[in-house]
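As written, the chains take the letters A, B and C, and residue 1 is the first residue of each chain.
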């Protein structure tokens, strides 16, 4: 399960990086806490971070369940697609939120594969006793 | 732990479904990213998703710790109450946010049981060496 | 891993407490769902909870990976610093959001140690076969 753990940490570090970038955007655009909205540029950086966290909440458990009940290395590979998809999402969103579909889709589809695969794997393992 | 894994995936899929419904509500009510607020109907769908994610952050670790240190099948049963509670919450919230108490309570109480049970189980396991 | 489980539950209970305090602040300041902003006092309580959840999303997986691949008791000790940091953060933020740096830093640095340590531990375990 080390490969699963490594991909998990990479995804955590990515979200940590996005959080740092929100802090930088607060300074740059003069958006002081507790405000979470200001000008459009800040809002984009803020939403990329928020949306990445929303995905991470589902991604980490799905990745581990897939790794435990289906295949650890395959799960890590799919997880890597998720992390790359999040960088693609970020790049597109900052240019134009309407262009975020590809990056979003890479994340959403890889997560769906982890969830569905993990469900099938866990059910089969349960039935096999 | 397969039962715990299966309930986890069901809870993840529920949140994934709520996310899709936020996307649909964006289209229906013309709320474009990065905006997260528009009319009241959109706000309700958005808040149901957000609140479900907030709960999920606590639910998944509590469920697994309960499963590991107390009882896996009992944990899965309590977890199922949580997932059902979230659907009840959603139905009520979309009609009238003031009526969300029952669904919210089902989730909050089942999560409290998982946390408290998990804490007691882990402490007893630690003391037993 | 009981120590890791216990610290995890403490962090979950802390976030649960902060959520209850948001509910109380809704009543006190008359901020009705689905609104998430009202007066400045409510916004501070709301943001403390949100920011704690954002950190928790990263904290729990990092804590467990550190516990699995580095050292469980050391991980639990670092995790305790994180939880204390979140209380410090809350106290400062409610008085003056600009004074939140110390509490925020305790959480951010302890989490960075868990992530980096966990990554090194998992990579070394992987290479050791």
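Here is the rule we go by: a residue touches a chain if its C-beta (ideal position, glycine included) is under 8 Å from a C-beta of that chain, and two chains touch if they have at least 3 such contacts.
Note that the coordinates shown come from a computational prediction; the quantities given were computed from them, not determined experimentally.
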- Item | Classification of the chain B:chain C interface as same or different, half of numbers criterion | different
- Cα superposition of chain A on its sequence copy chain B - rotation in ° rounded to nearest 5: 120
- Task: Averaging only over C-alpha atoms, locate the centres of chain B and chain C and give their separation in whole Å.
- Result: 19
- Item | Set of chain C residues in contact with two or more other chains | 57
- Query: Where on chain C does chain A make contact in their complex?
  - Reply: 40, 43-44, 46-47, 54, 57-58, 61-62, 65, 68-69, 93, 97-98, 100, 111-112, 115, 118-119, 122-123, 125-126
- Query: Residues of chain C touching chain B in their complex?
  - Reply: 2-3, 5-6, 8-10, 12-13, 15-16, 19, 32-36, 53, 56-57, 60
